[in-house]
Amino acid sequence: MSWNTFGRVLRFTTWGESHGPAIGAVLDGCPPGIELAEADIQPFLDARKPGQNKFTTQRKEPDEVRILSGVFEGKTTGTSLSLLIENKDQRSKDYSEIAKTYRPGHADYAYDAKYGFRDYRGGGRSSARETAMRVAAGAVARKIIGGVSILAYVSEIGGDRIDPANFDREEIARNPFWCPDAEAAKRWEALVDDARKAGSSLGAVVECVATGVPAGWGAPVYAKLDSDLAAGMMSINAVKGVEIGDGFDAARLTGEQNADAISPGEDGPEFAANHAGGIAGGISTGQPVVCRVAFKPTSSILTPVASVDREGNAAQVRTKGRHDPCVGIRGTPVVEAMMALVLADHMMLHRAQVSER
Amino acid sequence: MSWNTFGRVLRFTTWGESHGPAIGAVLDGCPPGIELAEADIQPFLDARKPGQNKFTTQRKEPDEVRILSGVFEGKTTGTSLSLLIENKDQRSKDYSEIAKTYRPGHADYAYDAKYGFRDYRGGGRSSARETAMRVAAGAVARKIIGGVSILAYVSEIGGDRIDPANFDREEIARNPFWCPDAEAAKRWEALVDDARKAGSSLGAVVECVATGVPAGWGAPVYAKLDSDLAAGMMSINAVKGVEIGDGFDAARLTGEQNADAISPGEDGPEFAANHAGGIAGGISTGQPVVCRVAFKPTSSILTPVASVDREGNAAQVRTKGRHDPCVGIRGTPVVEAMMALVLADHMMLHRAQVSER
Amino acid sequence: MSWNTFGRVLRFTTWGESHGPAIGAVLDGCPPGIELAEADIQPFLDARKPGQNKFTTQRKEPDEVRILSGVFEGKTTGTSLSLLIENKDQRSKDYSEIAKTYRPGHADYAYDAKYGFRDYRGGGRSSARETAMRVAAGAVARKIIGGVSILAYVSEIGGDRIDPANFDREEIARNPFWCPDAEAAKRWEALVDDARKAGSSLGAVVECVATGVPAGWGAPVYAKLDSDLAAGMMSINAVKGVEIGDGFDAARLTGEQNADAISPGEDGPEFAANHAGGIAGGISTGQPVVCRVAFKPTSSILTPVASVDREGNAAQVRTKGRHDPCVGIRGTPVVEAMMALVLADHMMLHRAQVSER
Amino acid sequence: MSWNTFGRVLRFTTWGESHGPAIGAVLDGCPPGIELAEADIQPFLDARKPGQNKFTTQRKEPDEVRILSGVFEGKTTGTSLSLLIENKDQRSKDYSEIAKTYRPGHADYAYDAKYGFRDYRGGGRSSARETAMRVAAGAVARKIIGGVSILAYVSEIGGDRIDPANFDREEIARNPFWCPDAEAAKRWEALVDDARKAGSSLGAVVECVATGVPAGWGAPVYAKLDSDLAAGMMSINAVKGVEIGDGFDAARLTGEQNADAISPGEDGPEFAANHAGGIAGGISTGQPVVCRVAFKPTSSILTPVASVDREGNAAQVRTKGRHDPCVGIRGTPVVEAMMALVLADHMMLHRAQVSER
């Protein structure tokens, strides 16, 4: 795990800037013999791609992925998989102003402070465009973990939460918010649209649940499953918080309340609750693995904010460009992808150390 | 970063079980020429060590650290530092029952599911005793980062929060809770004592602030400073959530509210607020780095909880042993240590890539 | 360092098969602000590229490299560099026979044994075509290490060695063998041509010297400069041996003979000899870093060799295709590239740990 | 793999100086459930330990290893194994002179150039004493790889080679040289004794053969089995060259001579020869894995050599201390250990990627 690479055994490296000619990923360590074609990856990219409705950025990217290596006669060979997406709809002129001024909440100032300069077109390497490659790599990871099912959805936008009583898995794909509560989706339509029109933006909370993870994945002490999930989720653009299971709410329970009581079951122990989010001591327990991720509101807003330019003079910044009024929405498929990638890595790690001899 | 090793350039590896003969860490990559003696490390271990008052476990461990390598004539040589603490007060008889039964909320079942068996004495490798070595390694990391000052404190126990208006840095070391609010500390005394007497336990939230971190530490995209902090904090025993800056609260703000407006300052840009917690795009901005960590209530409680034994039969578990009624308290120095270790690693990473040529 | 990634701080990952649509590399960790364009890389690829004369494979590849990320306005940004070369002259029909039969000396059988199948077109991932990307990445590494000068040459083909008395640095680029001895180059012309016509092949020894490496690069114990060089060189296709300094000959000297006596010099110690090849205890001494690399004869020969097919039946294999009669020749720029990559990585590692404060 | 850590999945980290209180290793990633006690490790340490006869250093170290973690009720738990050996017979006074003067051929000058100073007692971290921990870790690795048998022996001292016709496996343990040729052993007795009396030293070549390695271990491209072996062997003190199979001799063969012809066998392909040393394309072929390692003559000799002191003044150096007249001899168990560690790591890597599903 380092710089632009994530993972231990199953490792992926991403490259590319928002306004460069292309973006890509190299996925290394993939098991051989897995059937894989662009068509296995494309649906996940389509789910994340921009310009699909007025609640996301109006940049139009077909996001067509090509597999350039590592597949032969329709199957993974076990060697490095190269995935590439060409950038089509860059409009660099939109960003001329940003070249000289630091957008508050953005990486502009930090990049300049670190590297002395930056690729300012569309945020360059700090753009959320990078996450398209996570989604592509995540689609491959899903094939590796087979039986595991991963589902992410938005549980909260601008402080307005879904009602668990309304939870309907089928609803998630029916609205533009990945929202499992039809009523909340309706409310969010007005909420997000108002923010967009006001030149403002909203934050969101995304929840992700992986079912079918067997007990035993994860490793003490610094490769804990939850530690790797936290690293993966926190590396997503705009993410400011990660919880496993009850997360911060667990800090407000007593020991008895928080204990997931165990009882004998037909296929092993059964748990009366899942406060732990399916992970104990960093290792999966066989319960659903549950993760919650907080996205801050998009920093690129039309409302002017005080800032400085590169020479240190005061400036007002209005970020024109084309931006998501709520980045958390398009972050949802990215959260799913990171869950898939971390789980696939840990499946392989587990297999390395503990064989079925 | 893998299994029992954490870090990229400055790496530490820990070993040892709660009831084995000793625990230890090897810290590798430390710069040469730093003055270092056991006396630089011991105060931090003393702050974390058990048995100091009725609000922590009654296990009595002197936790005396020895430096076995990597220091010559009082200075680090740049080679691997070996740190060792002997275990003195193991009472393995307390744990005989646990050998056969799974304690809910503990790693017992997950370890058995993974490895086929486990060292059940005091939790073995999954015990929080491992964190003593993080504190020791963290003390060395502090010397590496020199000018950076790190302060952690408990901001909430059992849902009872400190009042920011009462914040007094000096108060933190005066009470057994690392609490910066004298009034809250008084309330917590009753709260924690009641939980302890009731055979229950409480969760806590720990906040950590690092000041003096220059702009530019951290690296895109998978070595983001916040991503590494999240990994480090989530790997601490009992931690279930990590926030940077406003964390989950940022998800409830609008873009304008969340923007940390910038103005010209004498020594570079000045920020009107720090919602971002000192990190943008994964790179430090020069503001204080702020992290919040949620600790669940101690899983080891005297109150009986339903569980199963290794054969799958129903069982009631009361964890006798000697345990912290609120692990978050003793987790505070560990949070500080992880902050120091992540920052030192990133200072060195930054230096590797960006020299002052 | 793992699977398809090499390096510690400066890391590169390669992908691509001999007959896939393209090959590529991602170079991560590169310092920012280095002037870089395709024109800085192309000459090194041109030096390695196939089809230039009758002593190398007749495959015609322009090997035109494109930089797809990591450079902005002519300078490296410090983020991941993506380098890509399209494959143009694949002739997969040549390899139809190989699909079913194992070529002795090749990776065919080993890949099948490991993965269950393989991309047999041109050797797939095991093809020396992968080394083009090392040459491309190496060109960037040269810019990082600036003042260091790296020179590799062929010192021996088919057992016929150069005469050190004839060594002429200028001669190296004048003949198709990277041979610094004009007379040897003349002899090799006949030697290699005879082997080619006979459907045979020859081995070679390549020497590489890096001057200008300051004392202090390398790290104890498992990141020794010579250990990393050995790993890098041995990973080149067809390499079977690596020596540092006098290598195996040092095993035949006495301690006094092998000692590189030191005397006071104006700019630090001076050495009377360089049996050590510029490395002591894994760390550079300031003398030239010297490495020798043995290439076996090309395994793909027209002379039939006994083998088996995938079903285990006896078969005779004649490898038609288009092959180098002596792979060591085209390996020379690859050896240079690996030297550059290892040195650049260690320059950065050194800087991480030992600053100039 | 970095600094003081070696390996990818099975990783070990060593620490300790020649004259510090102890040396140690942490072996991480070990599979659970392997029976392990000190008695499994001690014989290998006894084989390497100093002071056993006049052909090795007269330092007397019992080299008694203790297992401090990772084993419970006689079996590995899958968590980090801590191994420790106390140093007993340090005589630091012997080294007072070395503090000020650089021993030619030693790491003295390079360490000072890198770190600004060094632990000069007995070479500190650059001492071959570190290799005791590799032997200890290697003993555990042997248990992991089970059916694989590893044998190393000295094939050459001071240029005097064994006669393959005299090869007798049983002879190896019967003489103080790990020599499989009784006649050569007799000659070496005089050879090494003469060198010792003359205050000189001799180099040696060690060969290592691993049988029972299944086809399929190793990974393209930068985790090739031979690349990792080269890194491991070259990291051993005093090693200057590594060959796989025929090594440099392969560079003098023609393609037909070097081809290991394959024929149908009962249990898979059979090979007519093993020029390749059991590795093709970086992956094991099922043949014996063969490695040859060149050790330079011990640099610590009584014969004076010209050098300089720390202030840059000319000096004559005679290294008194207690030294091996031929370090290659005691290097033999270390070569075996590194072979075991690399193979065990690759067995686990292979298992991670290619399961038996």
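Order of writing sets the chain letters: A, B, C and D. Residues in each chain are counted from 1.
Methods note: contacts are C-beta pairs under 8 Å (C-beta built on N, C-alpha and C of every residue); 3 or more make two chains touch, one makes a residue touch a chain.
This is a predicted model, so every value here is computed, not measured.
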Pair of chains joined by more contacts [C-beta pairs], A-D or A-C: A-C
Distance-maximising chain from chain D - centres being C-alpha averages: A
Distance between chain centroids, defined by C-alpha means - chain A, chain B (Å): 26
Whole-Å gap between the CA centroids of chain A and chain C: 39
Gap in Å, rounded to a whole number, between the CA centres of chain D and chain A: 45
Per-residue multi-chain contacts in chain C, two or more chains: 2-5, 14, 29, 32, 78-79, 114-116, 125, 220, 354
Parts of chain C lying in touch with chain D, wherever the complex brings them together: 1-6, 8, 14, 102, 104-111, 113-116, 125-126, 130, 156, 158-159, 195, 200-205, 214-224, 226-235, 237, 240-248, 250-264, 268-269, 272, 275-277, 279-286, 294-301, 303, 305-308, 312-314, 328, 350, 354
Of chain C, residues touching chain A in the complex: 2-5, 11, 13-17, 20-24, 26, 28-29, 32-33, 66, 68-70, 72, 75, 77-82, 114-119, 124-125
Contacting residues of chain D [partner chain A, same complex]: 9, 29-32, 78-79, 220, 348-349, 351-356
